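Labels run A, B and C following the written order; every chain starts at residue 1.
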């Protein structure tokens, strides 16, 4: 059996997430279940895509991820099942399904073909995606969920890519975490260890190896735990210190002196 | 072994819920455990009853639910174990135990008869209800928990029933979810598809099939995921748009033109 | 296999806790996993120590606890593995590892000796502590994690001990829970059942057995569920009623009349 991991915007104040677990337990009794994140802001496909990208490399082989942030529930947006390497993803075709890059196989989940009861209009997480994840978890093949579709014709992920400049990149703040760290979309290996970030005429930060290399209240640029560069303040909040928010631009520049 | 599902007002900021899981793991090692909801407002039996009713039909057969919202802990209110169809419920006798309708069998949980240590005065969830749920989960019979009591003499559930009118129902707002949807106590099948809801001289809503049938900012009446009618705004908050809160009354009226 | 319980300050708004679960599932597939608390305020070793002390006696035998509140991540603070009775703890050597009293065996976790990839600078929970907990959960010996160190040379726990007075104790408010109860550091058995607490010239409370012994709005002193004395208001908030916060002092006095 394959473990199932869940990422939604259902919140924790209602029975919604609990019922998803109950449905998984019905379809795949005893399966290991993992909650990745249920506090994605309602309908925020951008944030869901970022969280999913960060978690993905650390999931067990064979893991089935159910990612449901689904403002289009009840419309004709497609529900998809994807094979990505040795893992699986079920997600709506609204950008979220595409956020991990190209899949080897994609099917459109078809509740009729699966023999499910007619889904409610408002809770496909419970009535479509969780049964599909449960089927995959107990070992069913992806093609049992519905017909194959063209992997290249999915709705694009909303996360922007960094843009190359002559001596670095124009990067974007992608997410702000609980500690006020500002994660960008630039992989840490893209620039060298003497890179700097600038976001205004006066706002700039040098790259350091770890929090403790920073001076008191200093905003620094360092590699975050998901492998992307981020702005941080040791023991403080970079979001507060800089005033930057999600979607803010910053210029991350190489300082190339020949021996790095 | 039977899975256990938990619904409490213990919150997520302390060790309380974790310790419940630990006690379950002691009494029924390896049992599947499901968190339904722990953010019920403190002492709010009404909200707990609603969440439990919504989740109940989706729980696996044999599931043991421990529902503990227990402002009377330490008094002589009874702790109950119930059999309802193929599932079990342990809950205090304060209205919560009665919220799912008549049980086939009810016992009063007796920690002395179970051979438990004397419970703390303030945390029967950990010391009484969790051991009882663990016993049921590992397959013990309900009668092992204590003596049978009369199923008809439980404290009544606080949730009001809808009241029939000549051409519809007087319904009540039962719960407001994270998205601002206003769930009522009226099952969706009680009125036809051309029903309307009215809550003031100017406030009214037509029934639609799904969110996307609604106009911009339009408050609509539709079937929620738990099978009850609710007021909603597509991409917005019906609670904000109408100013209605829990316990508000609304009149939901049939429009019968003979072909529906 | 041994169950694993988690206590962190990672919050619930990101993928951090989910990824810890994923790593545990990789190292110890199918292991029972328990979330004790992830909403410890960021970096608050004091609160983490209190929550861990409260939960500890209720954990199953053999349980492996991963407690990570780690403001010194990336510095040279040690990562430790401890054996305490029949349970295990992995935690940073910042006071948290010492909060449960003397361990029988302590090792310094050595990711190189364990053959792990080089950890990130900012997320040792994922890259060091979770693999160590996973190893213990699947049955490895503590000495597989690294070299033994002297149990008496750990960084001290920040929680203060109560100070004896001639007729009682100077106690400290250690934690304020969701309900506004003020937990102190004084074990309930330290004073008799006619003890009183005083925190100002006018503020005082008598000891009662349970909430329902309190008058309307009365602040009372009673034994909390973790075995420590606490100030509480039946159906209300002692924090609001008294204005006291964490670290506040109160004098808890015996009233000894010879027959208690």
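Everything that follows uses one rule, which is that contacts are C-beta pairs under 8 Å (C-beta built on N, C-alpha and C of every residue); 3 or more make two chains touch, one makes a residue touch a chain.
Since the model is a prediction, treat every value here as computed from it, not as a measurement.
The two copies, chain A and chain C, are related by a rotation of 120°, based on C-alpha atoms and rounded to the nearest 5.
Counting the residue numbers that touch the partner chain, chain B and chain C have less than half of them in common.
Distance from the chain B centre to the chain C centre is 32 Å, each centre being the mean of its Cα atoms. In chain B, the residues that touch at least two other chains are 12. Interface of chain C with chain A (complex): residues 10-15, 17-19, 21-23, 25-26, 29-30, 42-43, 71-75, 120-123, 126. The part of chain B that touches chain A in the complex is made up of residues 3, 5, 7, 12, 32, 34-39, 51-52, 54-55, 58-60, 63, 177-179, 209-212, 222-225, 235.
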